[in-house]
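Each of the next two complexes has chain A plus one more chain, namely chain B in the first and chain C in the second.
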Partner chain A sequence: MKFAEILRGPWTIAVYTYREGIRKKTLLGFLILSLLVIFGSRFISSFLDPSAETDIDVKLIKDICVSAISIFGMLITVFISASVVPGEVENKVIYTILSKPLRRWQYLLGKFLGAQLIIIVNLLLMGALFFFALYYYQHVWPTLLLWSILLTYFEFLIVSAFTFAVSCVSTSTVVPTIAGLFIYITGNLTEYLKDVQNRAGQTGQWLDALAGDIAKWLYEILPNLQNFSLKMQIVNGMPNDPPRDLQIPNLIIYGLEYGLAGFILSWLLFWRKEV
Partner chain B sequence: MRRFPRLTLALVFALLMALGAVQGRRVRHLRESEAFYRWLQAAAVNERLFQEEAGENRDAELFAQCNAVAGELQELAREAAARGAAEGGEDLSAIAEVSGSHENDRRLWDIARSAELAAPRAEFLKLAKENKLRFARDIAYAEAQQGGVSVFNLFFGFRKVAANFVWIQVDRFWHQGNMYRMVALMKTCVSLDPQFVEAYLVGAWHLSYNATAKMLDTPWPQREWDARYGACVGEKERYYHLAIDFLKDGIRKNPRNYKLFFDLGFAVYNQKMKDYANAVKYLSEAIRLPHERWVPRQLFISQELNGEYEKALAGWEDYIKNFPDSQTALEVAPRRIQRNKARIAEKAAEALMAQAAQAADPVEAERLKADALAKRQEALTIWTNLGDKDGDAFRLRLEAITLREQKRYLEAVALLDKARWELAELWDELSDMIMDIKKEAGIPLSVSETKAELRRSEAGICPGMPEAERQKVLEGNQARRAAS
Partner chain C sequence: MSTAVKTTKLSKIYEGALRGRDVHALKALDLEINEGEIFAYLGPNGSGKTTTIKIILGLLFPTSGSLEVFGAKNIHSAAVKRNIGYLPEGAYYPEFLRGEEVIEYYGKLYGLHGRDLKRRLDEVIDLVGLAHARKRLVRSYSKGMRQRVGLAQALISDPKLLILDEPTTGLDPIARKEIRDILANLRNAGKTLLISSHELLEAEMISDRAGILYEGVLQAEGRLDELLLQRDIALEVDGLTPELVEKSEAAGLRVEDRLGERGKLRAPEGLSAYDAIRRCGELGLKLVSVAPRRETLEELFVRVIGAAKTSRSA
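Here is the complex of A and B:
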């Protein structure tokens, strides 16, 4: 009972954040753009030879749609995660909320959950449209797509959590937005750190060796978003692929752990924020 | 928590990051194991089906190392080998044997990621990075695993989309008739997305059908020996081999997709190269995987063309049992069954006739001959009852054989001439029979037949051919002529 009471506050804030978030024109713009791309992918396949009766057009549609969901979904994730807290600091609503009998972590949890709700709903909208479009083309339920969308969400969860953490120390939405995009790009380029590590130490100087060690540790610690590229593979893959079946649950745990770490970081940063 | 709240939170954060790092290691292990597993499958398919040399690459060496270590697979491999031996299979390594069935995939995957194969796996990653493994060159992840600036992580995980746009360019080149640029780009496309099965299928179709559509078969003396393919090839035939190479590459990377096996067996080997033995080989692989209903039908037709009438007959009978209400089971399969029964009877008649010719005892020879004639009559009845063009052609062919034995040569030639216009499938065989009968009867050959005879003597031989191969072909030609 007590636990339910503790969560009531965050849930109210989450619902309110969600309602406020879905009214944002930027998000709506991204959503409409992504839906247009999903519809438009059908026209891209018209570049292909219509006389050749192949499934290439379906593959093209699948790849473009999954990419569109990833790109626009990521933009929605970054914009929403970067704006939920600084937005309230800017319009001073946060002072009214924190003056209520509500702890800071409850407020933060509510905001984070609200952002996740917006991301999930957007992802579901895009995914559902794509799901039915694929069914319309193929007359087979594209069940592998559901796994792809699930993995996409856990990739977004990592980006969202760390962007949210940056937004907790920022007073405007610009810095966390740029930071979110930076997190996404660097998260996809984590593999380069291994290259730095491999090349380090060639000069024999201590600074060179140190750079290699730092790269090694960063490579171990930082989340690698390239791991989630599996989402692109499974859409066109064969059913019953043993490596994929094992990677999906492991990637979900991976996303959850870093997502939670990102949220704890935001809590830590928000602790002493002067509001 | 109450006394040092920030410290506690910092510790929780550090713990979660550490857990993330541990999980990241596990995911990395799985991705590396996946690359290794895909390579194992590619190397196994190569050993089982293609037996292509890896050249200076170290695939064979590493694969042998894996086989030596994979002790757990030995029992499974022995079971598979026993099944394979029953079907007339070859001696294969444990991994190649196990990978023959898609039902063993999970077991192979468990082995690929196990500690037992840790050393070969590490060696694989090292060699893949050094580009010393032919079958790991384009496998997804193989490069990315080792870090570095690679084509795989340049696209932020969207390289499949890049592959699609490359394919659109391939399509454009095709419409421009720019075949040579198209081939190079097709390879780039499947490098970006090795699971792009449709690219393999359509690419091979362009190479074997569209590129060669307006080309005539290269005359044998104008072909050149190609050691890589072990065959005499002209320009047209080179495109066929390019298509085969392209599909084989696709099969190595997608060994569980029946479409690639089907296209290799049916579209290229059966339809284009008339190499029915290879057609049967790859179509048999296709039906071992989850497949569409029309795949076995083409296998049975190829088996018939390859002279495996008993297998084709059994296949069609099974097909009727499995799909009793299908249109094929009702209309096509019964006729195919009759055809194969007739062919089996013909084959038995030929064997009995050959035995009769060699029998020392005249009574025994007469008995064998009577049996042969009874078999031939059985075949004749089936062909007559079929009552279609195919049946007519085969009936006429059989009647001509009887007339030839009775030395009624002119009548035999007349029947064969009529029969070859009934069924295109028999054209070459019946034309050869006409020439043989004419030579046997001392009837002069026409100009076109003389030219055909000359072509026949050159068939299978080309400049640059190794002497051993030349002898093999000549002996084969001689044996065929003797049988005819």
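Here is the complex of A and C:
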């Protein structure tokens, strides 16, 4: 079978998953929320002391905008990744699809790609809103925000892949949604694990040492999602600065590796699953 | 006649959380469905019908035994699956897609594209009577229309074997008749149909053969004309006066219905048609019609399941 033929099934599933997801109007809801955040941030900054730092209002607006992309984007990532497979199990659509001439990995790849298309489109639309909002406030093209959006996607890819893997063994969306939020939160707290590891062993007690070992182990395997954040640079720097102290290609590879690991895990969990 | 589906000693055990809580859904099932026939797969809830179907489709994995579809043992291969269309019971289809998009989607999963897909799409949409609503979102469809979408997606690849789980449940009488006609036409076109249903009257109307499953064991299987016993004889007579009603009953001819002097009599099981006619003559009744009455599929079902329950408790 030719490579293109093998990928035709997954691509078909991806396109129709995307098409259905887009029509659910969840995206529209998040875009409306984004608009509210833009106007809300302007409203909040109007309460600031005008005699204080001159650009503090712009910093606040940038902070709110970048945080909004991260939070809303993460929510839609977790929601979509947690629901694309269990939703089809629940309404029995999966029976009609897996009975077609299609391997299970092809089905999973299609659903996963469809979820990524929804996440990317959502991120681009929200990013575009904030991009033009920041340009409106500062009259400088905020190109740093574009780099941030790129890296944010790879952060979401990691969260999405592992949420998707959990969803493959779940019959409802509740457990994978909780798992997705857990992955996002712990992935942003891995630096604290480093602290725990460094401080462990000072009392000489075995429990203390064990906590250190566990922290070290978790630090090694958990993705560090803070690596993808350009928030401080965007808030404190010029909007058209190039990204500093980051090796973007390495981060992209890092995101792809974890994304692939999550997808392989989902396949391992799903390939003999009885539906 | 070649075999479309053949199971040999097929067993399925659903493992329970605790030892001893396992559920034996199928117990060494031997089943054969011939090409070009409509096979009614019957049984009460939980008898193992859906488990069998899911194993044929590769959605469940058998605990032991083997399965062949059109002679192929690898039922997961694309070549086998391309020949199977499946309509699950009570399935929903992507709600935010249009009817024709859903069917097109399934067509693409079968590997259809371009002109072939468009031609098949138009054909099956016309066949299931969805042309007027093909552009509407599935979420706006009635239950009957969703069932038509389900039938269309099962038919889009023009499969040789159609597996239909409760194809007419929840439909109004006209829609049922239309679906029945479609199924009969498919049989005439040489398709093999495996229909799992609780609608015994309908199953009897369209099926060639039937199998009755109970607790994972095939209790009866065969052609309907072999399975259904001839029960008794129905006679329609004229000249049935009130005095003759009593005499008929005394002669063993039960009066089922009477309007004026026209009446319907039922001869007891075991009495030949000749004897029944002779008794009518002796009573002075004018015979209008005689019809042997066959056991219905429902009666067969009750008889077979009843016997299975009795033998289990014995």
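By definition in this document, the second predicted complex is superposed on the first by the 237 of 275 C-alpha atoms of A that agree within 3 Å, B and C clash if a C-alpha of one lies under 4 Å from a C-alpha of the other, contacts with A are read in each partner's own complex, and residues count from 1 in each chain.
We adopt the following convention: a residue touches a chain if its C-beta (ideal position, glycine included) is under 8 Å from a C-beta of that chain, and two chains touch if they have at least 3 such contacts.
The structure presented is a predicted model; accordingly, all values stated were derived computationally and were not measured.
Colleague: Putting chain B and chain C on the same copy of chain A, do they fit or clash?
Modeller: These partners fit in the superposed model.
Colleague: Once chain A of both complexes is superposed, is A:S172 in touch with chain B (first), chain C (second), both, or neither?
Modeller: Neither partner.
Colleague: Name the contact category of A:T186: first (chain B only), second (chain C only), both, or neither.
Modeller: After superposing on A, A:T186 lies clear of both chain B and chain C.
Colleague: With both complexes overlaid on chain A, does A:L102 touch chain B (first), chain C (second), both or neither?
Modeller: second
Colleague: Once both structures sit on top of one another, what is the angle chain B-chain A-chain C taken between CA centres, to the nearest 10 degrees?
Modeller: The vertex angle at chain A equals 170 degrees.
Colleague: Quick check on the superposed pair: does A:F228 touch chain B, chain C, both, or neither? Answer first, second, both or neither.
Modeller: first
Colleague: Report for A:I64: first if it touches chain B alone, second if chain C alone, otherwise both or neither.
Modeller: First partner only.
Colleague: After the superposition on A, what does A:V93 contact: first (chain B), second (chain C), both or neither?
Modeller: Second partner only, chain C.
Colleague: Is A:R19 touching the first partner chain B, the second partner chain C, both, or neither of them?
Modeller: second
Colleague: On the superposed three-chain arrangement, identify whether chain B or chain C touches more chain A residues.
Modeller: The partner that reaches more residues of chain A in the superposed model: B.
Colleague: Between chain B and chain C, what minimal C-alpha to C-alpha distance in angstrom results from the superposition?
Modeller: 14
Colleague: Both chain B and chain C contact which residues of chain A?
Modeller: Shared contact residues on chain A (touching chain B in one complex, chain C in the other): 272.
Colleague: Show me the residue ranges of chain A that touch chain C in the complex, using the header's touch definition.
Modeller: 5, 8-9, 12-13, 16, 19-20, 23-24, 91-93, 95-103, 272, 274-275
Colleague: Sort out for me which residues of chain C touch chain A in the complex.
Modeller: So the residues of chain C touching chain A come out as 54, 57-61, 76, 78-79, 81-82, 84, 86-88, 90-97, 101, 105-106, 108-111, 137, 150, 153-154.
Colleague: Sort out for me which residues of chain A touch chain B in the complex.
Modeller: 44, 47-49, 52, 54-56, 59-60, 63-64, 67, 70, 185, 188-189, 191-195, 197-198, 219-221, 223-229, 231-233, 236-238, 240-243, 246-247, 250-251, 253-254, 257-258, 260-261, 264-265, 267-268, 271-272
Colleague: In their shared complex, at which residues does chain B touch chain A?
Modeller: Touch residues, chain B against chain A: 5-6, 9-10, 12-13, 16-17, 19-21, 23-28, 30-31, 33-34, 37, 105-106, 108-110, 140, 144, 146-150, 153, 156-158, 160-161, 163-164, 167-168, 171-172, 174-175, 195-196, 198-199, 201-202, 205, 254, 256-257.
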